């Protein structure tokens, strides 16, 4: 029973109350459930692991241990697999298909401010500066980087799928 | 899961709203039907009684037509392949030169390899199905506070767009009573229509462009017109939330 | 070090690669990190708990154990998730084993149009675009994604049974 309780506390979004375990184990007495929970806490928290289970807001909740915060933060900062937000992905798509392109042009296409998305993309090195546009204000021109091609497994920009190809796919189904 | 045994239930045509759209639940394509027939007849794959199998295949095609199932081109291609093989089998065979492989000249050989190849990937698909079952039994739930917040407006990818389009077509298909002959609209005319809409409105629901649709052609033309306007940067599409109705908005001219 | 690794695998949304631990523990040798990870897996998975750590898509990932799925589902009140159709699975099998592969090649093997299955697979990010084939029309080449490995609990494509095994099976079935 403890193993299942541990798994449930792990998957739960909110602290899990003892009564909720009662629903999962209807045949067990409330007393038995309380005892099992106490034993789980004792054994889980005694092991030298990365998580612990605490009683929070009248329920049980799994969190990392505070002493590892620094390393966890270090991991979160460096993880390369972090997903781009939809806003960033859209900005990236505009840059990929319309390059070289200025921030104002991206704004015009997306219909919303894109500077923070652009910042993220520059930090991730998916986008780079190509030069300046020779118009009033000489705005910076952006384009996709070599990293972008690697990231999306493309040989060259000519490998990007076209809108027509997607339309073709939709047409095929009819 | 359609394992070999389930296939023995034969046809399970499903009638949808209005009795017009019928889907084939069991057979996915002509190769699947042939595999089914061969298994049911318990015949040797290397010695398919082509006349009998062809006859049965054509019977199924007849049933499909009677049920108003839209028979895709690949079904007809396979039918003609079978008939061709059958006719080749009827021709008197030239005496095989000595030492020659017996199957070398067999007109069925290519089809057999195609069937074996297809069965191979059906088996691979079953393996994936089993693995998916196992993976569906586990959860990975990282704590909430670690998750990146998704931002305010979630943009529509082309796949979201295509899905919305598919949805419109499906709705249209299930509602249609009869395809009324309609004046043919061109994409250029449709683009002008949409432009006129946006003279009055700033924003419209994606689906509203299709409510008046009375033919599949009209839907396709409208969809392509919308895509063209997106390309021309006159309109853009967005959602407030994932799965919410897609909105079409005019891009305001910058001063 | 194992406790921190455990905590990082716990918080990670995606499988964590050994190189990512390297960034968190820059002073440790790759050898020491690999050894620590192996020990963590051994000890974590030996305990009779609710979770386990597995090697998936070239990284380490914590999930619940499959044997508890019924009770977890009872707690979450969820039904099994949307599964792929047989047509989609077949298309996916062709892509997995024949990649990089074009839509026309998939059609040739399956003997029927596969564009709608392919679209589902692209939407679910199980399949990705690998580039274009350098033949007339430059058709798009498709392959399986990292998400594919995660979805099917595979560490790498090499974990898939060989096609010969399925060919053998097909020969026996027909």
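Going by the order they are written in, the chains are A, B and C; count residues from 1 in each one.
Going forward, a residue touches a chain if its C-beta (ideal position, glycine included) is under 8 Å from a C-beta of that chain, and two chains touch if they have at least 3 such contacts.
Remember, it's a predicted structure, so these values are computed and weren't measured experimentally.
Taking B-C and A-B together, the pair of chains sharing more C-beta contacts is B-C. Taking the mean of all protein C-alpha atoms as the reference point, the chain centroid lying nearest to it belongs to C.
If you average the Cα atoms of subunit A and of subunit C, the two centres end up 18 Å apart. As a whole-number value, the distance joining the C-alpha centres of subunit B and subunit C reads 25 Å.
Chain geometry summary: the mean Cα position of subunit A and that of subunit B are 32 Å apart.
Multi-chain contact residues, meaning those touching two or more other chains, occur in subunit A at positions 7, 10-12, 62, 64, 76, 83, 169, 173. Residue positions 139, 143, 146, 162 of subunit B each touch two or more of the other chains.
Listed in rising order, the residues of subunit C touching subunit A in the complex are 2-14, 16, 20, 23-25, 44, 47-51, 64-65, 68, 71-72, 74-76, 113, 115-116, 118-119, 128-132, 138, 140, 143. Residues of subunit C that touch subunit B in their complex: 10-13, 61-66, 69, 72, 76, 80-81, 83-84, 86-87, 89-90, 92-94, 96-97, 109-113, 119, 122-123, 151-154, 160-161, 163, 166-167, 169-171, 173-174. Residues of subunit B touching subunit C in their complex: 1-2, 4, 28-31, 35, 38-39, 45, 72, 74, 78, 114-129, 131-132, 134-140, 142-143, 146-147, 159, 162-163. Within the complex formed with subunit A, the residues of subunit B that make contact are 139, 141, 143-144, 146, 148, 150-155, 157-158, 162, 165-166, 169, 216, 220, 223-224, 227, 231, 233, 236, 238, 249, 251, 254.
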